[in-house]
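Two complexes are shown next, each including subunit A; its partner changes from subunit B in the first to subunit C in the second.
Here is the complex of A and B:
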């Protein structure tokens, strides 16, 4: 009786890849990897763009909303060259100021004053809100430390604040009745 | 045995899955950022909406309130829904469209009930009204600034933040919470800080600082003569789920006409009718010039210009040291002026530019000179707004020589007794009214004469009036300080010889001459003459100074003349064609309202109806400095303004 021939590597025959299969797989892997790299690159670019616009999309609207609310409550305002200039009561200016002094008229005919100014001390530029007290002292809180600069203008009849972001972005918010 | 292929898998599968998960994660983060941004935008929009709705609601209240207050006075403050605070707020809500909002049913059907609403109104005016309450939270009511509500204003949130309170009867104070009460009975009761004249002597109109506002009837903080009525209320913005409460004060300043030149019509400053310009060496103006419309050719020292709707400045003028041109209201120009002056209160301002403010001259026109019929009883409004009605003394011609000769032969004089009850005397020629040449005629303050132009006149001799009142057992000139002189109507007892009054006096009509008025020191509260007829100023008037009353707020040693006012259909200086130099000191105004008439304040006519030449006119026009300078009869302005009570 003739027995069937013995196979030296019976499993390898069953699990092996043909050259065609291997080539296809490698090609697919290459295409897929290339595509993924491209997609990843695009995604990273997109994320980077989004990150660059974070000031305009996230920070600036919050600052603008807050400023708009404060501006609209003020009965009057004056723009000054700087915080110190506003405190000293120097001549107000119409545009390009770094500080705005806000006046709120109370029903008892007294006037409350507040100040919003750009503070560039310590190597960081911040927009700060100052409360001026009767004894000449002041307290403050930071509106935002995400800006690189801000200017105020009153030349068009309403108070405008132009904010500059870390990537040179610029956005202007206006408020305050004429 | 061969293993199934599925158990082997591709190495790419987990790589793809991992990468996909990373991308999904980053996209989710981006999406989250977007949602945050949208949330921020909705917050910003919500705030904007709140502010716009607040502003429109406040402007609507300012616009509606004066009409309702007047309606309440016309109804003698009787209770009515028509002019209640509820109706005022309801109409303001409608006018400001604050009730435009999705109905709760629609919100439910859209499935957005849980979402933040950008609507800041209610779905119905009724709902909105419920959000406008008194400071105590009672809907349809306000908290009046009167003594009865002192406990509310002593709460920490309001203490020290509200103006001086007024006082009146308890019933009127309670009514004031339901409907606006403007009344001569509403007076200052206590000497609060901010009242610069003695409230005992000047309880009705006191000396108070001009409020902080851009409409410069006066400079902010400058004392002016007025009464400050006010009411406080709370508005809950938002909806039943989320709301923001703000407290406001609605103020009505009753301002007696007090500026050197005031007009509710078009006023032309700086030029006479014949084209000659006012002489700056002879004309001086101190204070504010107000007119509904102003055309200005020189300031003549005036420190402020206040216009109702327009101010035209021919050449730049200097107002209190500030140079102002016709473009003062242009974009950027006003701001530059404010920056240059370091103040938002400019010396030139238009009422029309102020949203939450209304300046309303109470100006009934020629009706100011006419007493309304005694039946039906004149309303509170007529007693308030019509100068003739405010006169304590009335002199009426009941009979004339003839229809052609309007020289009176019988007059009726009504005046007040010391206890302020009405008294009456009929003076009749040939009976108890001797003429100037007959015995006793020289002590009667009422006589007759003809002018050079042959006009028949009733002459009022002011210096004789006080003594004559005493002989008649009447009250003093302190209460009999205002005189209305006219011809009576047939219904009021006039006979057929008396001509009916016309809107504009004719050559045949009776006239009035004022004489012997140089020294008015007998008139301790001043003297006012009101007449729908032509009035001649026959002699010098009010040229003797007296000492300033105590508590008047005037510095001691101030030059003071008893306050005097003349309101007439026509005023002529002198009774002859001879024109003497004329010196006018005080204030000038006109009863003309609206229209396109061009009022020239210093166009003065002589007794012969000729225009007095510019060189003959000297004028020193100045505002009132104290309520002591307020004549018994005066014109009135209302200044309505709304302010928020700021929290600390």
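Here is the complex of A and C:
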């Protein structure tokens, strides 16, 4: 009678994985890792898209609301090529201006004067609101620094501000019909 | 077994995140269109207040009678990336003639601007009206 073959190491217990099992596990983990990277890339893409849309979803409505209220309270206005030409009192223009001079009738029968202009100093484009004082000085605050450009026009009897966003957006707010 | 479970879970999480992101982006699309159409309507409101009454009631009125109304394509602005967005604008007016027996005898006109625009497959309508009187 033939005896069964003897094991090379009879004391050793077989507790490990086979090469096939290990290969399968590593392959699945690689697939898992790849999937996670793809998820992360997709999430970043969506985040970037949301960021690109921020000007029209968040910034423009705020600017428009503010400009609308200011424009609609103005009694009359003139559009100028720039902040400096508005201050200097140069000839106003009908379209393509970078500044608008607004006049408000006050209850004490005086006329208050304000200026909204595009300021591109320091590498950042801002829309600024200026208060002109009697001594010739001016104070200002920033309406928005999210624009890349803005132009004012006074056509058909209304005042319009066209804003350019950082990703090619363009939107126009109108008012000043008093 | 464990790796397969993890893989399945990762796929489910990916699908949930993708759905949430798509919902967020599609909501933004709607918001951006609201921003553009609201901005365009500020022009209509300003013009309807500013246009002289003589022009409003003229034969070539920008706000003709309901029967003479016509649609025109208008540009609302540009989306991110510079894509031009257009919509359809209809203007008309409703005349409410004055009562000669009344003390004021006012002729009243309501000027309507109706903007039709699309977001995806759906069509939306937004309107503004201005009361003018003489």
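Annotations for the structure displayed:
Here is the rule we go by: the second predicted complex is superposed on the first by the 128 of 178 C-alpha atoms of A that agree within 3 Å, B and C clash if a C-alpha of one lies under 4 Å from a C-alpha of the other, contacts with A are read in each partner's own complex, and residues count from 1 in each chain.
Here is the rule we use: contacts are C-beta pairs under 8 Å (C-beta built on N, C-alpha and C of every residue); 3 or more make two chains touch, one makes a residue touch a chain.
As the structure is a computational prediction, the values presented were derived from the model and not from experiment.
In the superposition on chain A, A:36 makes contact with both subunit B and subunit C. Of the two partner chains placed by the overlay, only subunit B lies in contact with A:107; subunit C stays clear of it. When the shared chain is aligned, subunit C comes close enough to touch A:171, but subunit B does not. In the superposed model, A:97 lies in contact with neither subunit B nor subunit C. Of the two partner chains placed around the shared chain by superposition, subunit B and subunit C are both touched by A:61. Contacts of A:160 after superposition: subunit C is touched, whereas subunit B is not reached.
The residues of subunit A shared by its contacts with subunit B and with subunit C are 25, 28-29, 32, 36, 39, 43, 46, 50, 57, 61, 64, 68, 156-157, 177-178. In the complex of the two chains, the subunit A residues touching subunit B come out as 14-15, 25, 28-29, 32, 36, 39-40, 43, 46-47, 50, 57-58, 61-62, 64-65, 68-69, 72, 75-76, 78-79, 89, 91-94, 103-109, 111-112, 154-157, 177-178.
Residues 3-4, 6-7, 10-11, 13-14, 17-18, 21-22, 24-25, 28-29, 31-32, 35-36, 38-40, 42-43, 45-47, 49-51, 77-82 of subunit C touch subunit A in their complex. On subunit A, the positions that touch subunit C within their shared complex are 25, 28-29, 31-32, 35-36, 38-39, 42-43, 46, 49-50, 52-53, 55-57, 60-61, 64, 68, 156-160, 165, 167-178. Listing the residues of subunit B that touch subunit A in their complex gives 1-3, 8, 10-12, 15-16, 19, 23, 26, 30, 33, 36-37, 40-41, 43-44, 47-48, 51, 55, 160-163, 194, 209, 211-213, 221, 249, 331-332, 334-336, 338-340, 342, 344, 353, 355, 643-646.
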